[in-house]
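Two complexes, one shared chain (chain A), two partners (chain B, chain C).
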Partner chain A sequence: MENHKPTFYEEVRGNGVSRRDFLKFCTTMAAFLGLEASGVAQIAKALQSKPRLPVIWFHFQECTCCSESFIRASHPIVANIVLDKISLDYQETLMAASGVQAEDAYKAVMAKYPGEYIVMVEGSIPTENEAYCCIGGRSALQILQEAVKNCKAVVAWGNCASAGCVQAASPNPTGAKPVHKVISGKPVINVQGCPPIADVMAGVVVHLLTFDRIPQLDGLNRPKAFYSRRVHDTCYRRANFDAGLFVESFDDEGAKRGYCLYKMGCKGPVTYNSCGIIKWNDSVSYPIQSGHPCIGCSEAGFWDNGPFYQHLPGVAGFGVETTADKIGVGLGVATAVGIAGHAIVTNIRKHKEIINEPAEGSKVETTKE
Partner chain B sequence: MAERIVIDPITRIEGHLRVEIEVKDGKITDAYSAGTMVRGIETILKGRDPRDAWAFVGRVCGVCTSTHSLTSVRTVENALKISVPPNAELIRNLMANALYIQDHVVHFYQLHALDWVDVVSALKANPAEASKIAQSISSWPKSSVGYFTDIQKKFKSFVESGQLGIFANGYWGHKAYKLPPEVNLIAVAHYLEALEFQKEIVKVHTVFGGKNPHPNYLVGGVPCSINIEEANAVNAERLAFVGKLFEDAKTFVDQVYIPDLVAIAGFYKDWGAIGGGLSNYLAFGDFPSNGYNNPESFKMPRGAILGRDLSKIHEVKADDPEQIQEFVNNSWYEYSKGDKTGLHPWEGETKFNYTGPKPPYEHLDFTQKYSWVKTPRWKGHPMEVGPLSRMLVGYASGRADYKEVIDSTLKALDVPVTALFSTLGRTAARGLETKLVCGWALEFYQQLLANIKNGDTRTQNNEKWEPASWPKHAKGIGMVEAPRGALSHFIVIEDQKIANYQLVVPTTWNASPRDPQGQRSAYEESLIGTPVADSKIPLEVLRTIHSFDPCLACAVHLYDENGTHIHDLKTY
Partner chain C sequence: MRSRSTNLREVHVWEMPVRVYHWINALCITTLCITGYIIGNPPAFMKGTEAYFNFWFGTVRFVHFISAFLFFFNFIFRIYWGFTGNEFSRWNNFIPLKRSQWKEIIDVIKVDVLQVTNKQIDSIGHNSLASLVYFITFLIFLLQCLTGFGMYGAMSNAFLPRLFAWVVPFLGGDMNVRQIHHLLMWGFILFALIHIYLVFYHDYIERRGVTSSMIGGWKFIEEDVVERHDKQAEENQKG
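Right after this comes the complex of A and B.
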């Protein structure tokens, strides 16, 4: 019994999921991962032949929004698979055992599966004084550094583990640091957002299961599949931006007609995430669609990137935007703070040209690739 | 000789909680509760735009997500004297209702059930018998023999894989588990169903706040606009969606949560006499039906109960410096006037003073400071906050809806009213409250539709949006009943910036260390006398601690590394 490791596919079938639903799941995941049709077969094959992946999920300085988002994964089968089909051997929010029995669970994984298990981290690590986050009498830093020694890879969930999030905002009183700043020698995948979108979290897990390697990452170690597009470029309200149709104050006529929230402080032009594509909670909506500007929660340092309701600088420089790609290349390696001015100036250049055209409502986006 | 037992981490909660107990002759004789993580969000808020505060404090907690954001916008609006339009009040109520439903259901099934339900025992169940029981207690359609057979099969193959995941090292087979295998099987099935259900009801947040967890809020109203002639706003389709989500939620609560709660409670009536703890209960009240500034209109009444005397409701005023005070004598902070002083949040100070052991450590020294949680008191009394307090205040206030659900449940279980003062009472109160909330949500929803039909689509008051319109100095208080209990925020605004921001949070009331008089707070007090069958297996401790639904990230948020006073409000 100990050595019997059922494959992902066996698990799913055992749970009463039909082969058809299983393939549907693979198709959905392939689409989220940006794969072509052949990728579906690859996912299906991988999930049918690979054993379950042992996972240790730590909570450090955090608010548990990542765990909460994780259990919101929208495809019905995803909730089942991700909770049961990876082997989620340590997860403080969900696990039955407490105290010594809980600690034994992750120690067993480390002993039994050296080099095979994944460490997932929710929360930042305090460095000013290790006593600022202790579990079982040991510090977050001690626990993490020991656990990653023999792991296969690290997944940093959310802005806390990826960039320190709110507790690292100025003046960062606890010296909160993201995972990649306190460990070395292991690949770290930063799954950004506060929290990350549920289906993005599921997508990253499936990528690891399917391809047995980490997804392609951008300069900030975020999976390109989900973080290579600006919210601004994928926003369904973009046409209003291009047409110069803006909300001037909350709940004004423009707001009631769904105009662009740029002037209300929208950080979509400097934010890379899938909100406009995958959207939130089963694609029900996303912040802009529900009338609030993007606050940029998938970017490092977004808490200190100006007040939320102050619009980004650079409105004056209207002109033709040459290539959106160039901005993307620059952004991949820059920090969110650094890119703010550059990105917005470039994008707003296009605005002036379009604003002079009459057919405002019917204007179709014509970004050059 | 008493035996000292450490339980750390306490799992199936939010945040980092350590409990140490002393056990003598199979009973807990003493208990200590410690919060072991800090972040310092209040320090970070200083100097920022008050309109941004909701987003920062929203990140205090992602489990009771949205509740701090709601408190924050109320706090800023109170300071700046902003009234929000009726639709905004209703949408905020609906979002808070959705949170209650999601949070309480997840608490019951995902966080608490495994204390009462032996999932491994479900493998021995007779699915036909389980089906019969399920159909006898509820009309929920997922109750056929085939359904329970499939669930059992699924679970069996999971267990046989040898990789037990989140169920590994659980306390399966412990003699304190009392449910028959069939009831365990029903609970396992509903554990999985609840997981599916909870991601639906939060879509109310997604419609109005754009995402969940951490939906968006706005000072002056709500960010979403209403326009029934527009695809890009809250229109008939969006409203119909919200209506359906609440209808479905009511069905789930009435047909799954409540019947399960009553069925499971029936096997654990002895827990109606265990875990009572404190005899004082505090509720700020919430869900305004006629404006937040009119507490008489609240669906949940405000008040305090002392000494379990249900004949008297004491008036609660958060701005009265004599009522709410915080102490740090056992917390890793120090006060300039000495650690035995109590300070109202308006005059509060936070001076960091970590005196605990350097990690790794085996034990905390309870003769000294031992937690990052401060100790709040109401008129000097330790108070329990949360669903039980709210239900008691509602019951003692003579509210008909409260009396009906409480009396009928006591009758169904054939237990006296004193059974409410217990671990079981706390868990039952949470379920009964969810039932009430489902009904109120549908009322608020109908009111929202009626307003729109009558031509009122306003969702935002922009009068005081611009900082130039604000006074030079302002201070405010926001009070909310969070799912876990009475929550209050305090703000001081100076020159359009946050000069001070302070939170007094439900789990701070419940999980705090002892006060200077040596009085225990709710967690510690409730553990005294609890039987412990096997001191190596802390199942009974988890039952009582989980009955409070701990949220430690909320409780611990204060901190200033340099030891400077960050909450000196004496000049106001």
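Right after this comes the complex of A and C.
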């Protein structure tokens, strides 16, 4: 019994999930991951044959919304995956153990599965003073660096762990840094969003389990399957954008008709996520569908690129709500004034040259008739 | 009738490819600034209609993208021409590496910007200050191409835009890229304002026909300036 590591399939069957539901889950995941039809079988095979994935899940400077998102996943098995089926050996929010037992649990994982376990992180890591975030008397940085030493890969859940989110927003008092900035030598998967979509989180876990390697990532280390397209390019209101139909205030005719929220500050055009496709809460809706502009929560620095209800971000150093356009117009006016001044001075100082009289020292012959 | 006879020589300064480049560039920049501004700040002049009747905003974006491709290839051509064109269009005009260029920059500031002295500027093509400013605009061209194609790359599978896929992660995300692209647009507008004013200014003061030189290619240059230029060129060949 000691050596038997139950597979995922055994676990869910034991929990009363039918084989039919299990296969449905595999199919859903394959679709989310963008796999071909044979991918379903690969996922099913992996989940039936491979032992559970040992996972250590840390919470650092964060609000736990990633965990909250996860436990609201659309498919019941999705929640099961992390909550008890991928051997969540250590998860501060959800584990029963506390104190010494909790500490022992994650140390046991590190000792038992070197090179096999996955470190999942919610939250950013303070670097200004490490003591801003301590668990069991040790700083977040120490805990993380020790844990990643022998891990297989790191999954950074949400914007905090991927880009620092609100804690790293200016002026960033704790010197908050995302995971990939404080560790090195291990692959980091940034599962962006504030929080990430539950099905996206499940998809990443299933991918790790099925293929034993990290999914294909984009330039910012986000899984391409979920973050390769802009919210804007997958938005059901996109036709209104191309037609030039825009909402101008939240209670106007356009808002009622579901026009594009571009002018209300929608960050869909600069945000890469699956909100327009997978949607939220059992695929019920997503912000834009509910009439609210996207705030760009899966992009680095989205707090500093506000205000949320303004299309162009304010320019740092020029005060609130000073956009590039205001600065541009200001410079334009200054230039026009400069030009006018220069033109006046030219007509006074270069009078002689203009009326054809030879300037001092030049040998211009003039004839006047 | 007022007239005067002066000792002027006609000099072929701007070759045909340079002139064609200039006007394509002017056209592209005008189009890109107007469409770009509309894209950043679209007028919501339509109400109470449905999306399937219209595509005007899509068309504006399409025009922007087409102009951007034209602008990009035109820019590449100009760089190429900087290595094969005549002495006035050569790359080394634009980067002030020589002492004489810096000296002329200071002279131009004194003579034409501050107007505190009155001296003849010897350059027949661009003066050294103008060249330096053009070099800066070339850098802005480059940045604008990088950020523009960087944003475009995400919705394209074509080879050229994909070459710029690294720009977005490099600058930390689309939000920053868009902001830079938008700020630089104002750089083009300010440049155009000053550029057009200065063409008027130089034509008015120097009467070398600088405005029409970008159409016909020829400038009227004072005889002594041409002689000094030829002598210098001869020396350079010997040395």
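Couple of notes before you dig in:
We adopt the following convention: the second predicted complex is superposed on the first by the 310 of 369 C-alpha atoms of A that agree within 3 Å, B and C clash if a C-alpha of one lies under 4 Å from a C-alpha of the other, contacts with A are read in each partner's own complex, and residues count from 1 in each chain.
Operating definition for what follows: a contact is a pair of C-beta atoms (placed from the backbone, for glycine too) under 8 Å apart; a residue touches a chain by one contact, two chains touch by 3 or more.
Here the structure is a predicted model, which is why all the values come from computation and not from measurement.
Of the two partner chains placed by the overlay, only chain B lies in contact with A:Cys165; chain C stays clear of it.
Looking at the shared chain after the overlay, A:Asn129 reaches chain B, while chain C stays out of its contact range.
In the superposed model, A:Pro114 makes contact with neither chain B nor chain C.
In the superposed model, A:Arg138 lies in contact with chain B only, and not with chain C. Touch criterion met: A:Gly291 reaches chain B, while chain C stays clear of it. In the superposition on chain A, the residues of chain A contacting both chain B and chain C are 257. The touching residues of chain C, when paired with chain A in their complex, are 1-6, 40-42, 44-58, 60-61, 113, 115, 118, 120, 154-155, 165-166, 168-170, 172-179, 182-183, 185-186, 189-190, 193-194, 197, 201, 204-205.
The touching residues of chain B, when paired with chain A in their complex, are 6-16, 18, 36-41, 43-44, 48-49, 51-52, 55-56, 59-63, 65, 106, 110-111, 114, 119, 150, 153-154, 157-158, 160-171, 192, 195-196, 198-199, 202-203, 205-214, 216, 218, 220-227, 230-233, 241, 354, 356-363, 457-460, 462, 465, 536-538, 542, 553, 559-561. Residues 218-220, 228-230, 233, 239-246, 248, 253-254, 257, 262-263, 267, 269-272, 296, 299-302, 305, 311-313, 315, 324-325, 327-328, 331-332, 335-336, 339, 342-343, 345-346, 349-350, 353-354, 356, 359-360, 362, 364-369 of chain A are the ones that touch chain C when the two sit in their complex. Remark: chain A residues 1-6, 11, 14-16, 52, 54, 59-69, 71-74, 76, 79-80, 83-84, 86-89, 91-105, 108, 126, 128-139, 142, 165-167, 169-176, 194-195, 198, 237, 249-251, 255-258, 275, 280-282, 284-292, 295, 297, 303, 307-309 touch chain B in the complex.
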